[in-house]
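Below are structures written as structure tokens.
Each of the next two complexes has chain A plus one other chain: chain B in the first, chain C in the second.
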Partner chain A sequence: MTEEQFVDSFRKYQKKGNWWCDFHPVAKMVTCLSLGFMCLIVFRWQVGLIIFLLAGGIAFLTPVWKKYFKMIGIMFLLGCVFTVIVRLYVHMGDPGPVAFYLFGKSVPVAAIISCLDLIFMIEGFLGIFLVFFMTTEMRDLCCCLEQLGMSSTVTFMVLSTFSSITSIKEKLNRVRESQRARGIETEGNLFVKVKSILPVLFPVIISSMTGIEDKTLAMDARAFAADGVHTSLRKIQPAKRSEKTVAVVAVIVSILGCVAGKLFL
Partner chain B sequence: MVQKKKKKKRLDNMTLLLIPLAVAINMVAYNVLYSTTMVILGDSIGTILVGAVCGPFPGAIVGILSNLVNVIKNPVMIVMMPLNALFGIAAGTLARRRIFTSFWKTVICTPIFGFIGGWLSGSIIFLAMGGDFWGNLASVVIGIPLFRAGVPKYFAMAVGQLLFDCIDKIVCLILVFLIIRSLPDRFLIKLPYGKYVTTKQYREEDIEF
Partner chain C sequence: MSVCIEFQDVSYAYPLTKKAAVRHLNCKLEKGKCYGVIGPNASGKTTFCNLMRGLCPKFYGGILKGNVLVEGKNLEEWEDGELSVRIGYVFQDPFAQVSGIKETVFEEIGMGLENTGVEQEEMIRRILEIAKVVKVDTLLQKNPLALSGGQCQRVAFASVLALDSDIIVIDEPTSQLDPDGTMDVFEIIGALKRQGKTVIIAEHKVDLLAEYCDEIIAMAEGTIIAQGTVREVFQLQILREKKVRIPQVVTLALLLEEKKKALSSIPVSEREAVAMLKERGDI
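Take a look at the complex of A and B:
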């Protein structure tokens, strides 16, 4: 990209060429939040499964589908399987209609349904949130929220949090490598790993905290605390009527879904 | 008067920058500690630290932001948001009583944080999961065996959570104490609650901001 192209890219609306990625960030957030909370409130596998499939379908139509399915697969294996084992173990031998026998003990149908409820609540909620976070740039979302009246301090905190996580992880790897070069073992058995925690974690935290002073000066030099509206480099296209409609429909469906789910499922 | 106003603004900016950093510390500490020990979570180090050096309100914000970020990985964390905020409030309140100036005072506060992180969080999960065990290590190692031994399900779960969380919180509090002790006094006194966590005596008019 030439310098001229780079400068020109900020003169027009930020686009990625995918309908879901280009969906207005706030409308997308409202849609995903309402569907995710419906999943959490109703807590029935039928609702969770629908949201999970919907999230999968949306993810499939975006460029991040490979990453999404890999991540959701790992989450499923790690979180849900462990929970299922625990739930089956707790409910083994309970009275009620038997689904199957495990190690000579009956596993009731209620335990299986309880497992399914939990799995699809987690997967549905996680799925829709992953789709949102993987396809939305935080700076675009914060810019839109600021336009809607959110305080610039709050948006700064949110944006800064995400950038801090990335920078502190990089710093952690750098410190780990440096300590290894100084002769501290960071790989090996559990005891070796535990011993290496403090020499790695401490320098990262202390240096990050003391570095705050310089950043404060930089913020003051850029008049961060000055009164007035903050400017933004990126331009986000205002929400279209169709996008607003989708968000409103999602909220209505979620409210009705919560009521119906609690009454009939 | 002008000088006083300027001082307040500078302190606010430092707190503002410490909040995102503390959220990142929570995440990194969790990744490092939990992946190695499987018992110590360490995801409240940043919250307690900011609560102690900046006050209850910034501590609560760190707790809320940490949980919001963690929701991406674990949706159940959303119901824990008030508790993580409580860690920050508790740390700030305790710091005001100069708890973080002494190692033993810091360690003695473990049950307060253990109760918030163990008993209360266990109760919330218990209610959110429809009155059942959650698939974590505390349930498997302590909760379910106690339940099988005849202890009511709620108490079995709560005792398991409390014991496991006390282990986590004692490590977190010791780490926070060590971090505070390692930070230079000239840095600490620029923070809103810095004067409560440092043992150094100073006159406010001597500090150059």
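Take a look at the complex of A and C:
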């Protein structure tokens, strides 16, 4: 991009050319939050599965679908294994209709349903939040929240928390590169990677925390405490009527879903 | 020229310390002048800078005695936000000055302007203007976290200069820079001076300070031991007694004086020394 095009891009609304990625950040957050919390509150596999599939469907229509399915796939596998082991261990031998026998002990149907409830509650919740975080720029969300009256200190805290994750990741990579240069094995299977990261993880996190004082001073030097309304260099298109409608519908569906789920499922 | 910052018998001790970091500071800084603050390590240079910027005691805590007046108003009377716009501060560590929440240098420079509520078009104009002055116009699309030390320091300068503060305090800006980066920083200081800004720079590179500053404030053991024009201060015996670094050309001139081969006056820059030696026919 030439300098002129780059500067001009700030004069226009920030767009990515995908309906979901360009969905108004706050409307998107409200939609995802309500659906995600419906999963948690109802705590039934039917609701969780619907949200999980919905999140997958949305992700499929965005450019991040490959990354999304890779991540949610890993989470699903880990979640399944963990939940099945824990639930079956806890409920094995319980009274009630038997689904099958394992190591000579009965596994009741209730344990299987309980497993499914937990798996899809977690996966539905994670799925919808993952699709939200992977398709939303935090700076745009914070900018919109600030325009809605949220304190700039809070939005800064949110942004710096997210950026510190990236910064820790970058620092870790740098340390690993230095280790590699010194002949320490850092590439290979998961065990080798974990072995190379663990000894430096704690110092890297601590060093990131000690930089907080410097960051505070840097923010002060940028007049962060100045009175008045903050403006923004990035232009975010105000929420369209359709986007607001989607958010409101999501809230209503979630409330009704919670009530119906609790009564009938 | 009118006084913009005044120290009236200022002493300050950091929290949990018994010994004051600076004691009985008395000085007046005039508008539009460039001041170099020199002294050995732990002489109180950074505390002196922090005091005029209001970070001591507001941010660090501790005990402050005496008065620091900024444009005639006591530090305590200034709102934090107001003071951060009036006095720009560039810190020692270039990497610590990157906010970490902006994805491009362009946005990083504009952050202060966003905080002060500047409209978008004006913001873009000022960012582009400042970026040219501090030579970061080729870095605008880069991620601030991926810059080198010198580039980072220049971006930090740009971010502070974008606020158009009248007074700029700079604390050892070249301590982590290579010679080219150092020269870039002093070129920016030269540009600020030409714009009529008041610049206060704490630095160890006395040769460059001698060239760029109007006045020198020499500190040792937490007190101001000398203040005056570059030529006046660097010839003082007390600087050598207190182990305050002086420019090489001044040392040379003093050595020549000892050998009864004194120059017509004490030079403060290489250029001046060369001219004097040429005049005498030594080179």
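Operating definition for what follows: the second predicted complex is superposed on the first by the 223 of 265 C-alpha atoms of A that agree within 3 Å, B and C clash if a C-alpha of one lies under 4 Å from a C-alpha of the other, contacts with A are read in each partner's own complex, and residues count from 1 in each chain.
Note that a residue touches a chain if its C-beta (ideal position, glycine included) is under 8 Å from a C-beta of that chain, and two chains touch if they have at least 3 such contacts.
Quick caveat: nothing in here was measured; it's all calculated off a predicted structure.
J.: Does the superposition put A:263 against chain B (first), chain C (second), both, or neither?
T.: Neither chain B nor chain C is touched by A:263.
J.: Regarding the shared-chain residue A:170, is it in contact with chain B (first), chain C (second), both, or neither?
T.: Touch status of A:170: second partner only.
J.: Examine A:139 and indicate which partner it touches, taking first as chain B and second as chain C; both and neither are also allowed.
T.: second
J.: So, does A:231 touch the first partner chain B, the second partner chain C, both, or neither?
T.: second
J.: Quick check for you: in the superposed arrangement, does A:222 touch first (chain B), second (chain C), both or neither?
T.: Touch partner of A:222: chain C, not chain B.
J.: I'd like to know which partner A:6 touches here: chain B for first, chain C for second, both or neither.
T.: second
J.: Which chain, chain B or chain C, is in touch with more residues of chain A?
T.: Touched residues of chain A are more numerous for B.
J.: Touching A:181 in the superposition: chain B (first), chain C (second), both, neither?
T.: Neither partner.
J.: Check whether A:156 is in contact with chain B, with chain C, with both or with neither, and answer first, second, both or neither.
T.: both
J.: Both chain B and chain C touch chain A; at which residues?
T.: 156, 160, 163-164, 167, 215-216, 219-220, 224-225
J.: Show which residues of chain A lie in contact with chain B when the two form their complex.
T.: Result: residues 36, 40, 43, 75, 79, 82-87, 89-90, 114, 117-118, 121-122, 125-126, 129-130, 133, 153, 156-158, 160-165, 167-169, 172, 190, 193-194, 197, 200-202, 204-206, 208-210, 212-213, 215-216, 219-220, 224-225 of chain A touch chain B.
J.: Can you check the complex and tell me which residues of chain A touch chain C?
T.: The touching residues are 1, 3, 6-7, 10-11, 139, 152, 156, 159-160, 163-164, 166-167, 170, 211, 214-235.
J.: Could you pull out which chain B residues touch chain A in their complex?
T.: Those in contact with chain A are residues 9-10, 12-14, 16-21, 23-25, 27-29, 32-33, 36-37, 45, 61, 65, 69, 71-76, 78, 129-130, 132-135, 139-140, 144, 147, 175, 178-179, 182-184, 187, 190.
J.: Please name which positions on chain C make contact with chain A in the complex.
T.: Against chain A, chain C makes touches at 55, 59, 79-82, 84-85, 88-91, 93, 96-103, 106-107, 110-121, 123-124, 128, 137, 140-141, 145, 156, 159-160, 163.
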